[in-house]
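Below you'll find the structure I mean.
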């Protein structure tokens, strides 16, 4: 079959790889931040997971922030980062 | 990062686009919302070990991200086989596409060929780099002609304006897509339909401009239906959604002039829009009377605008517009009157939704009586009004995604 | 025959299709409706001499009608030039079409090639003869594959059923077009999308089947946009509008089984449909609560159903459907509850519309109090309910043209 | 430029030409039937034209029928034809 040379419509994707924070071996005594994306029940899931991390791994205390709406970027990221050792957040529904 | 299995692909794409493909996702069974909170708490138990591991063990370093460039690809020369190829590669919307050969793309770029690497926008969620050339390749697939490219490029520029909130529009479960509204002399010059069937088929300029924008969003922006594009149902405007304002049939200043452009400038406005909701009114002969059907179509409990605000769009058919004008009404009068009438009593919302939005938007939903009414958006100025269509007694309400603002930009030719 | 100048083309096409191209039209300046009756009486003065002449003088005998057959035509071989040609001939919807060569049409006909002259339907307003071959030519233009043809043919058969009222759908100012709902095993076999973005783009089977039907209606049926197709605004489903029911995600019997077919039979249902109106409900967790948003989206003063009855369609997303099922509701329960709740108070209609419909439909609009309510259609059984879509908390209301009934036919393979 | 043979998507249109009724030279004394298509104001226009035909051409009497709705075929055609010498009707808006 004849071949045709065409240009890909995908273009280029920007950006490289960013390093993640080094993990510590244990969560004991680490401050847990929750960033609620404001979807229904997101706080319930994230909150319960945080409670379980306190119960099972000795983490804590827990602090909660909420995005102004699921469809808006969070405006409190710097504050969350400064006040937490680990952060739980959610994506989509 | 926590999520549900149904949305895992979107979460992974979002992390990768932020340069963190190695960020770990802990997924529970879909859904989280719309079910009893007790069930949600039980789902937390299923995922806590995964969260613990993700937070205490360093992930493997990722491979270097594979970077796609506007590169040449060998494709089948046979036209039918090329369709199969485009579908398999995920380049298509399902309708026939035309092969984006170097020669066809070059013709579409025309005198812009020398600037083909110019970056018009970076499109989320993929952080895809929309160069002039990448846009032209999608225009070629869509069937666009060289004269359509400036409108497509202007629309892509507008979509990348932060006020538009493209990431949400690209990835939401809500059925929305950019509606392009073209104003100014370019509409007539390119034959962009503003008359009969203006939101339907039959005019090449509308068809291929709207589709070129959609394919750019899908291919460069990485909003693949059912993957990053999470629309529950979507709507058929996602094939193509482009209209010109019928400025000659409008009694008022056109949209771009309202926004500070000169009438002789050509502009495109993008809105994150639902499909049109029809307003049938053959009976009313006065402005006051016509408000009933328009307000009674706009004020629903299902559109995003009533919950989240934003800018619902009213497309007045020329005969309905004339009824307002005959009554001496300005466009501002029309907006205010619709806003005052298009309201929903609080007792028409479910108790859960009343409770939810009393927290999210206390000014409109909190601490009020059940007989109080909520307006369809925050202020009369947020309503958009344009005139389009042919003869007949129909208009349309086009709700928007809510958490988005329409953006108007000049078309550079 | 009297009419307005804006609709003269449609009136002439209607007369010609009835074999009377020499029937004379007396046209007044558009419009007649929506203006003061005094102005209408004045328009009568402008046309009475023309009426008198038409009634007292025999018209010239017409030339023999030019009869188009499925004949071979010479077209440009270059793919871009072929697009220009198809647009100029009025064969296209504005998006790229694939050349309907004898070879491609023959491939689509496959083993039906021997029956190519079989008449499937005669399509109004043109009285176009939809043979298998004529349908296959349009399918070839649309990008359809051989396996799609049986669905397209079944849809054309359904559209010609008198209950569908095709002439009105083809020529109305209302924004409607056939929505195809596919049920049974053929949907999965052909990959007709019933899941995420089911009403949007991205799946070839949906895209090309819906478009093949539309091009057949436009080309064989003679509904050319802005000419015989009088849509004031139209909607983007007129490019293509085809969905499969998500039978696996439905708690209830699928549509074709409701209508007496076996689950293992494949069927297509056609409805003369508006674009989808979204129902956003992320908050409600019970069947009772979910009714608020669905009923409050369906009960408007702008859709044709509330005036003319017919069969509005409710497309429940799988998660909303599950909320009803978890509450133990049957599909009949859902229909009845929506019908009881989706009502509009009479004082929400303009006085002119109340007066007009009190004459047309006295049972629903006549002799009643302003606080009385009108239901969105005549009976709960007239509501259609299907399940489609992907994850997410959205459903859709799809109003219909009103003066039309949906028709379900078996797909013969 | 190369040419390609393609099939026309228009197909065939059914039906031939039907004869119209012979016109009489005058409307004097002829019964005028009005078939109202039930669109708003259609009856106003058709009725006024009929009145003018009575005034100016001595036609009459006038009788009125109405379609059940603009989008439905008329069911009274036979009755209209039997009771009228000439018929006024409307198409579209």
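Couple of notes before you dig in:
Chains here go by letter, A, B, C and D, matching the order in which they are written, and residues are numbered from 1 within each.
We take it that a contact is a pair of C-beta atoms (placed from the backbone, for glycine too) under 8 Å apart; a residue touches a chain by one contact, two chains touch by 3 or more.
These numbers come from a predicted model, not from an experiment.
Distance between subunit C and subunit D, defined via averaged C-alpha coordinates, is recorded as 26 Å.
The mean-CA centres of subunit A and subunit C are about 46 angstrom from one another, to the nearest whole unit.
If you average the CA atoms of subunit A and of subunit D, the two centres end up 70 Å from each other.
Each of the following residues of subunit B touches two or more other chains: 4, 6-7, 30-31, 33-35, 99, 173, 230, 282-283, 356, 391-393. Across the assembly, subunit A contributes 39-40, 93 as residues in contact with two or more other chains. Contact topology of the protein chains: irregular, matching none of line, ring, star or complete.
Applying the touch definition to every pair of chains gives A-B, A-C, B-C, B-D, C-D. Of all residues in subunit B, only 282-283, 391-393 touch subunit D in the complex they form. Taken in their complex, subunit C has these residues touching subunit B: 4, 6-7, 30-31, 33-36, 79-80, 83, 87, 92-99, 104, 142-143, 173-175, 177, 195-208, 211, 214, 218, 224-226, 229-241, 274-285, 288-297, 300-304, 307, 315, 317, 319, 323, 344, 348-353, 355-357, 388-397, 399.
By the touch rule above, subunit A contacts subunit B in their complex via residues 1-18, 20, 22-27, 38-42, 44-46, 48-49, 51-53, 56-57, 69, 71-72, 86, 88-93. Residue ranges of subunit D in contact with subunit B, taken from their complex: 39-40, 93.
Those residues of subunit B that touch subunit A in the complex are listed here as 1-4, 6-7, 10-11, 14, 17-23, 25, 28, 30-35, 37, 40-41, 43-45, 47-48, 51-52, 55-59, 61-62, 64-65, 67-78, 81-82, 91, 99-102, 105, 122, 126-131, 133-134, 137-138, 140-141, 165, 168, 171-173, 215-216, 219-220, 222, 230, 308, 356, 360, 401-404.
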